[in-house]
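Heads up, there are several structures right after this.
Next come two complexes built around chain A: one with chain B, the other with chain C.
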Partner chain A sequence: MKFAIPVLLGILPLAGQDIKMPANLDRLEAKASEVVNVQLDGALIQLASRFLSDKDPDEANVKRLVGGLKGIYVKSFEFDERDQYNKSDVEELRAQLRAPAWARIVGASSKKKGENSEVYLKTEGGQITGLAVIVTDPKELTIINIVGSIRPEDIRDLGGHMGIPKIDIGPDKKDKKDKDKEDDK
Partner chain B sequence: MKSAFIAACLLTAASAQAADREFNEVVRVISDEFHTRPTSIPLFGLVNIFTAAVRPAGTRHIDLAVFEHLSDRDRQGRNLSEALLNAVGRSWKPFVQVRSRRNGHEETVLVYMRQQGSEWKLLVTAVERDEATVVQLLLNADALARWLASPERCARHWNGEMTE
Partner chain C sequence: MMDDFEKQLQEALSRKEPSPFFEARVLGAVKRQARERRASMRMWWATAVAAVLIVVAVSVWQHQRNEQAREEATGREAKARLELALKITSVKLQKISQKVEGI
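Coming up: the complex of A and B.
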C-alpha cells in the first residue's frame, strides 16, 4: 500500500508563516525517509506556555521566550542516503529571505560534519518580528520559521520544545569564512 | 441486577457523544478507498464510560476506528491524501504531520486540532502499510499542553501505543 501522502504534506495550509515552502521541496518528500511538519499558531503557543513551570529555570526561560511568539513552523526532511538534494533546492527558500525585510545574521558551518546552519532575522520598524533557520547536512534538511518577537540567541534555548529541533548554533561552530554578517543591514 | 443494567445503560448514554462529522468523513474516505469497514471493537462504549469518569491522561472522550488487513489490491486508486485533506476541512487546525519510510515500513501520522469551549479535540489519522487508525480525542488543556510541548514525540508515541 503506497499512499500518496507526500503530496498531502506538501499542500497542507501554511497560513501565518512568514515564508512559503517552495514547490520544489515537494519533490524531496518523495525521496525522504522521514518528513516532519509542525505548525503552532500564537494561541496554541500561549496555551502551551501556561503549563511551563515558573520554578524550573529551563522551563521558566522557555516560557519567557515564547511569550512574544505568534507562530512556530518546522519542516524537516531526513534521508537514508547522502546528497539527495541540491543547493538549488533551497535557493528558492533563501530568495524569500532577502533585504530589506530579512537579514542573514549567522552562517555557521562544520566542514567535518558537512553541516551548515543559517539564521535569518526579520525586522519591521526596528523591531524583530520573525526568525528563520535553515539547517542542511548531507542527510537532513530542516527549515524553521518563528513568527514574533525573538532574539537569535534564544533559538538554542527553544530547541527541544514545541516541535523545534535542537540546533547547535554556537560560536565554536562558526567558520570565519562562512560567518556572514555582510548581509546584516 | 436489573437496576445495575439500567445504570450501565444510563452511564453509556450520558457518556455517548456523536463523533464529529470530520471523524466520520475520514473513516468514510478510508473505507471507500479500500472497500472495507473498520474492525468492530466489542464493548468500546464501556471505554468511554471509564474515560468519562477517570479521564486518563486528561482524555474525556475517545472515538476510534481501526482498519486491519488493508491491501493495495482492494484500493479504489484515487488520491487518498487529497481526500483526507478535504475530509478534515478547514475548521480543524493542522498541527503535526509525520511521514516515515524507514526500513521499508511506511507510516504516516496526521494530527489536527480544534477547540471546544475549554477543551480541545485532537483528530489523529495514522496510516501504515496494512492498517489504519482514526481517533478523535477530547482533551483537557493539561493533556493538550503535553502534546504541544513535544508534538512530534507525542504523535509517534501515540501511534506506537495504538498499533501495538
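Coming up: the complex of A and C.
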C-alpha cells in the first residue's frame, strides 16, 4: 500500500500517452539546432478547440477532427551535424509499437539518403485509437503520437488549410505520367 | 444703594417657573437628537455595508476577469500548439505519401 501512491503518481503522467518517449530524447535538445516539443493532453485539446471558430470552414474541420482526441505528443529535432541521436532510442520506441495493439501501415526507407519513415496505427475493437509516426534521417528525428480516434488521411489532407503547406504530389506526378504516355504515343 | 443691589441680585437668583411647554420642548429636542443620531448611525452602517459590498463585488469581478484572461491565454497558447502539432504531422504524412506513391 505504501508503494501504491508513488507508483500511481509515476504512471499517471504517462497515462494519456500511448508510447513512452525515451528519456535520452530530452538530452538531444542541447545538440539540436531546432527543437519542437508539443504535449497536449485531452483537456488542453478541448480547451484549444474552444478557440477554433465554427464559422471558418478550416477551423470547423479541425475542431471536428480533434473532437475525439485524447492527446497529441510531438517531438522533433533537427541537427546541424549528422548522427547526433542513438539508434537505440528509436529502437526503444519501435519496441513499444508491436502487434497486436499496433500495426505498421507504412514503412518507407532510403538507404542512400539514410531516411526512414514509418506510420503505425493502434486499433481496438476495429476502431483506430492511436497513431504514431517516426521519421528519421541523419539530421532529423521526429516522433509523433496521437491518442484517440483519428484517420491519418484526415490529418494529411489538412495540407493547404490552416497555414499548413500542401506538398503537391499528385498533379505533378500525374502530369509527368501523362506526359510520358504522350511521349510513348 | 446696597439694598438695591441685593434686591436685584435676589430677583436675578430667585426661582422662576418655566414656560408651560418647556419640558415638552426639552424632551422633544432630546428625542429628535436621539432620532437624528440613530438615523446618522444607520446611514453610516448602510454606507459602510455598501462600500464593503462594492469592494467585494469589484474583487470578484476582477478575479473572474483575470481567470477569464488566464484561461483565454492558455486556450490561445494551446490552439497555437495544436496547430503546430497538426502542421508537423500533416507535412510528415504528406511526405510519407509522396515517398510511397513514388515507389
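Quick note on the criterion: the second predicted complex is superposed on the first by the 117 of 185 C-alpha atoms of A that agree within 3 Å, B and C clash if a C-alpha of one lies under 4 Å from a C-alpha of the other, contacts with A are read in each partner's own complex, and residues count from 1 in each chain.
By definition in this document, contacts are C-beta pairs under 8 Å (C-beta built on N, C-alpha and C of every residue); 3 or more make two chains touch, one makes a residue touch a chain.
Nothing here was measured: the structure is a model prediction, and the numbers come from that model.
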Given the touch rule stated above, what does A:L28 touch, chain B (first), chain C (second), both, or neither?
-> neither
For A:I19, select first, second, both or neither according to whether it touches chain B, chain C, the two together, or no partner.
-> neither
With the two complexes superposed on chain A, say which partner A:V90 touches: chain B (first), chain C (second), both, or neither.
-> neither
Does the superposition put A:V38 against chain B (first), chain C (second), both, or neither?
-> both
A:K166 contacts which: chain B (first), chain C (second), both, neither?
-> second
Check the residue A:I143 against both partner chains and state whether it touches chain B (first), chain C (second), both, or neither.
-> neither
Would you sort A:I155 into first (chain B), second (chain C), both or neither based on which partner it touches?
-> second
After superposition on the shared chain, which partner residues are touched by A:S117: those of chain B (first), chain C (second), both, or neither?
-> second
Once the shared chain is lined up, is A:V106 touching chain B (first), chain C (second), both, or neither of them?
-> second
Considering each complex separately, which residues of chain A are in contact with chain B in the first and with chain C in the second?
-> 36, 38, 40, 44-45, 47-48, 50-52, 162-163
Given the complex, residues on chain B that touch chain A span 70-72, 75, 79-82, 84-85, 90, 93-102, 106, 108, 110, 113, 127, 129-130, 141-142, 144-146, 148-152
Contact footprint of chain C on chain A as seen in their complex = 36, 38, 40, 44-45, 47-52, 62, 66, 72, 74, 76, 106, 108, 110, 117, 119, 133, 135, 142, 144, 146, 152-153, 155-159, 162-167, 169-170, 173
Listed in rising order, the residues of chain C that touch chain A in the complex are 71-72, 74-76, 78-79, 81-103
Residue ranges of chain A touching chain B (in the complex, touch as defined) = 1-9, 11-13, 29, 32-41, 44-45, 47-48, 50-52, 80, 160-163
